[in-house]
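The two complexes that follow have chain A in common; it is paired with chain B in the first and with chain C in the second.
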Partner chain A sequence: MLSSVSEVSAAEIVPQVSKDEYLRAFRWLLLARVLDEKLAALYRAGKIPGGGVYLGKGQEALSVSVGISLRTGDVYAPLIRDGAGRLAFGETVVEALRNCLGSVLGPMRGRDGNVHRGRPRDGYLPMISHLGAMISVVNGVLMAKRFKGQKGVVGATCLGEGGTSTGAFHEGLNQAGVERLPLVMVVANNQYAYSTPTSRQFACKSLADRAQGYGFTPHSVDGTNLAECLKVLGHAVALARTGNGPQLVVASLLRLCGHGEHDDASYIDPRLKESEIGRDCLELSEEHLLVNSWASKQELSQWRTAAQRAVEEAVALVQKEPSPDPYTENWCALQTGRFAEGGSK
Partner chain B sequence: MSYVPIVMPQLGESIAEATVIQILVQAGDRVVADQNLMEVETNKATTTVTSPCDGFIGKISALCHQSYPVGAVLGQIQVSEEVAQSQPSPNAEPVLARIVSPKIEAVVKEPAQVRSGVVDPTVRGLPVPANASGASYMSPRMKARMAELGLHAADLSGIAGSGAGGRVTIQDLEIFLSNLDKHRTTQASTMRVAVADAMRRSWTRPLATVSLPVSLEALLAHRKTLDPKPGPALYLLRALAIALNENSAPAGRLVGNKLIHPAAIDLGFAVEVEDGVLVPVLRSVETRLLKDLVTRYNELVNLARQRKLPKEATGGSIATVTNFGTFGLTWATPIPLPEQTLVLGMGAGRIAPHWDEVQQRFIPAMEANLTLSFDHRVLDGGGAGRLLSRIAALMTQPELL
Partner chain C sequence: MSITYLEAIREAQARALAEDPRVFIYGQDVGDFGGAFKATKGLAKEFPGRVLDAPISEDAIVGAAVGAAIEGMRPIIEMQFADFSTPGFNQVINQAATLYWRTQVPCPITIRLPSGGTSGSGPFHSQCMEAIYAHYPGLIVMTPATVEDAYSMLLEAVAIDDPVIFCEHKYLYYHLKTDRLPTEAMPAGKARIARPGRDVTIVAYSAMVHEALAAAEELSTEGVEVEVVDLRTVKPLDTDTIIASVARTGRVLVVGEAFPWGGVTAEVVARIATEGFGLLDAPPQRLNAKDTPIPYHPNLWSAHRPTANSILAAVRNLLRL
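And then the complex of A and B:
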């Protein structure tokens, strides 16, 4: 059985990540970082309403690997830090900016900040909360697809290590295990739940150890290493897709920013920043590209410039769009059925 | 040349203001988009304010170590027409300003200019919900502002809230306060403030009143036989003491699921003094006869009026007697002291027709209303009625007092 050996043998079973795959993922990663940097600057210039901007710096390698491993027809419920995964799954920069800048043309019509957006019709679920609430929602969508006879579908959702301490996490994983759903549960252990360190968060040696208790297949991965993330996530998604039940992927990494941009993260242990876990996945992947001669320094620089230009153009476009007018806005609740897969317009 | 404002960003969902701690640029400096312009500090973190675009610093209006509300203009950047064009359109720009409607903006400035002599809040302009009319939500900011001014929720009961769900916002409060300045105000006495505080605390309980008329004929006749003559309130005091000595439970206090019974029948009586009421206390009233209490009672009334009550004659009483009849009133619903369950009142005496069973006719007789106001958590109408009936019966048999 694949599931009983996957954790130790993932590297051997799954072929090495090809140059093309790596480059494709890298370009999303780079775009996500550039977009995050711009969002941070816009936030500090007072251009983002609503009070919160939550970025994914340091988590992009993991995030992009989730988004890129899924395909049309799959379900994706990302976390607040999954800008990279969202882009890889099909969200556009303009769409992201419209939401953050409060454009009335945005997915949430300018009513929401940056975290609760999505396109349910396309399997991209808007987040309810980052504390485990999405697990049972993804379970529900996967159950619905099962009842409809759809096969070969995967649902992925992401959490931080803090989210694993909630009751919703337990209920969701137990349900997925009992139903043997094709769920890929991705946990980004970024060492701090806001300011709470892992020593105050869980007492087990590794969060992947919890997989056994829920009937999940465990996977552990270095979240700073893009190639490893692509390999492990690709493998986990493939296992779920081929009927091997739910998968738990636990990535070790460090959040390289505050909980939100209003937080200066002064509580992060400097020793963690110096350790391997504190390395920047973007810098590491750039090194990887150079060492393998998959890209030159000049190309890297050009790609960054291109990403910056794309983001600046999108910002210029979105900043000219109107925000919702509270006097003319229709404040009635919308029927979510309209947005769901198969819902009428 | 056009100008683009540098604004204080919203640095967290609960953050209303931030303090500028360092300014990194000065007028005339060339800046590029996203460049750090100043460091600001919230109660959560230190961060930077960035430039919204390329240009030259036109003016920095913010001062170091000053706190500014979210959305405040901290300075301006001089930009080319081209850059100005690329900035958000007037329609798209003021998301925050548009949520705070123009109507509110217009009145926000007023309190800052009108009010004086009190500490000005560092932040204005954001609708922060607060409490006024009920025990609903009151924001920490509102609580802090009220504490600063020594205000209580009851003081705000006249404000119509404009916030969500009719909540009183900090703006509502500031406008209310600035309007007060237009009126003549006098300083409330310490006594007035103390009474207000006691009444506020007392009013947190469900209070009720029962009443009964009682004939004073026997009492008035009895009174003539004594020297010095006791006042009607002293008769009432003794009647209450005897009734409570028979059953002290109605004077108990309810704390959680326990009824706290009185330790001794120490009773207070209300004495009107300048701008308030004092309540001298007679100890163990059930053990002392009416005639033995008269001198001490009169002494305490005089001491109270001079505000020279000795310590042993204040506090610790379990119920109070009030003779509101001295104001010519025949009926009232006094409020028991916060630490007491009962207040027994007596109205003014008046001649009323009484039906005489023997003579089968009405005869004129002096009577007064007795009222018993009580904490309905401790006592019901039946219990209160039985206590008051017993007191009324004793009042018609003054020789027992």
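And then the complex of A and C:
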């Protein structure tokens, strides 16, 4: 899958992904898919306050590989299709559901919703909707850690191919390159930015070729292949962690759902769905487990049932939780209450 | 010894760097060069590694400041000119201004905007951006008009746990001087009576305070006593001090250097109309720059912005109403 001679081949340096690592990643991938399926069902049932549901179907192998490659003390700014990565990084199903179902106990307490969630103090940054805007924020966290003398930390952030067309992407990557930050920029080329195909998005042969212009090390990966994603992301994160500067990972895959659940994605070329990048990473990884005798069909079925049970229990819990109350809400956007317009908090 | 408005800004940053290891400065040419206006002169040498040149990337500069603030730092950002904050606008209003509300994690960043017109600076090096930023929840907007305020309010901006837009006026950089830096200061968020008077109130901020004071001096010779209110911060707006002054005089002119549509002067007039209507002896008046881009040629520029003369005319008109 390498598209440039200058690229580092992860396979040459990184050993094969172990059974344990693969299984651990697979379980997060499966849980993320099951959670997404439940969110879609809740959306169709009209149970999502605000109405928006954005799923990661087809991108979980890549996403989980980012989250699982990071560790405590690292920084992670995921995007809308990173449910799997979020779980692997340490988010719980309950936390995700609280934000999607509008529980006041959620991380954003109803002030922001669905994919806009995080815990900044834990290095888990909540995305804003403006694409590319999180890159420089991760850069800033990494610069601050450097000020404080912290070493061996990595920042990772994710974007679709559409987000690479923004000025913020250019500024963010250039800044990371100038500061030689331990940033891993992960681009999921899922072929469509909402409805816009790649032919209307960029004119270069591969987005990985942009790495050279920013002083990044490029990596390309088949985003449908969990083992490859684990290898390449593990390698890119290890390079960043050991002082080799910023890394750009570009994954080829296909979004297997609409932009959101309101979108039937009728614009997706059927030939892409039939092509190699149109394969479902969950099905491929299940085959991988069976072929290698790492799991039996019965185990796969049991794991799915267990994931469904965990999600159902979390939904039952969160649906009983209170929604935010506009009458008791603290309508103050400032930490310093005495500077609030219209009285202090 | 005398110290200018610009030197006060430099001294405030030096003190913030000296007293708080979490403070760093990031912006274009702020390092060894000392900044386009020399507001960071010598600081890179005095505080190695803490005064960093940035690429010409206003979006990424502000974004990085937000990230650093999340990680516990207190960055000071220098925009080379207030006009150039527009490429960083998204990060200011959508990232910095929303962070605390969304996450309860504060965002203590200070963004210095060298603002306002100087002769010959033209459409893209003269703008006043305070109203644009004041529009958004989650930001504090300071507009110091004196050397003392430039110093003490910048120190306060750095100490505040919220994002502060610090509009320092380029026209005042070299024109204003004082003998020594203040040892105590009026807190931000409170307006100041720059000159007491009984006949008419002029509400102003930043460089317009000095135009208003000059007009007041002239009117004094004609027996008209003007009270000048210096807003100091435009957000929050100290409505109490404004209303109290209007209660004393019954007549008010609000002066701003920014464009006329909406903005600070309109907000002040709206508050007077809603909260102090019964105190007025005449309709509240506004005076702003003209509704065109800011012109280059000195002849045009001096007619574009409010001046002591145009304020004088506006007050005379107000006294006839």
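The working rule: the second predicted complex is superposed on the first by the 325 of 345 C-alpha atoms of A that agree within 3 Å, B and C clash if a C-alpha of one lies under 4 Å from a C-alpha of the other, contacts with A are read in each partner's own complex, and residues count from 1 in each chain.
Rule of thumb we're sticking to: a contact is a pair of C-beta atoms (placed from the backbone, for glycine too) under 8 Å apart; a residue touches a chain by one contact, two chains touch by 3 or more.
Values in this document were obtained by computation on a predicted structure and should not be read as measured data.
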- Room on chain A for both chain B and chain C (clash or fit): fit
- Message: Under the stated touch criterion, which partner chain does A:323 make contact with: chain B (first), chain C (second), both, or neither?
- Response: first
- Identify the partner contact of A:100: answer first if only chain B is touched, second if only chain C is, both if each is, neither if none is. neither
- Message: To the nearest 10 degrees, give me the chain B-chain A-chain C angle using C-alpha centres.
- Response: 50
- chain A residues touched by each partner, larger count belonging to chain B or chain C: C
- Query: Does chain B (first) or chain C (second) touch A:135, or do both, or does neither?
  - Reply: second
- Task: Using the touch definition from the top, say if A:172 reaches chain B (first), chain C (second), both or neither.
- Result: second
- Task: Scan A:45 for contacts with chain B and chain C and give back first, second, both or neither.
- Result: first
- Message: Minimum CA distance, chain B versus chain C, superposed model, integer angstrom?
- Response: 12
- Item | Intersection of the chain A residues that touch chain B with those that touch chain C | none
- In the complex of these two chains, what residues of chain A are touching chain C? 107-108, 111-112, 116, 118-121, 125-126, 128-130, 133-145, 147-148, 167-168, 171-172, 174-175, 178, 333-336, 338-341
- Item | Complex contacts: residues of chain C adjacent to chain A | 24, 49-50, 54-55, 57, 59-73, 75, 87, 90-91, 94-95, 97-103, 105-106, 137-138, 140, 160-162, 188-189, 235-237
- Per the touch rule, the chain B residues reaching chain A in their complex are 6-15, 33-34, 36, 42, 44-52, 70-71, 86-89, 91-92, 95-96, 98-99, 101
- Task: Please name which positions on chain A make contact with chain B in the complex.
- Result: 37-38, 41-52, 102-103, 258, 260-264, 266, 316, 319-323, 325-326
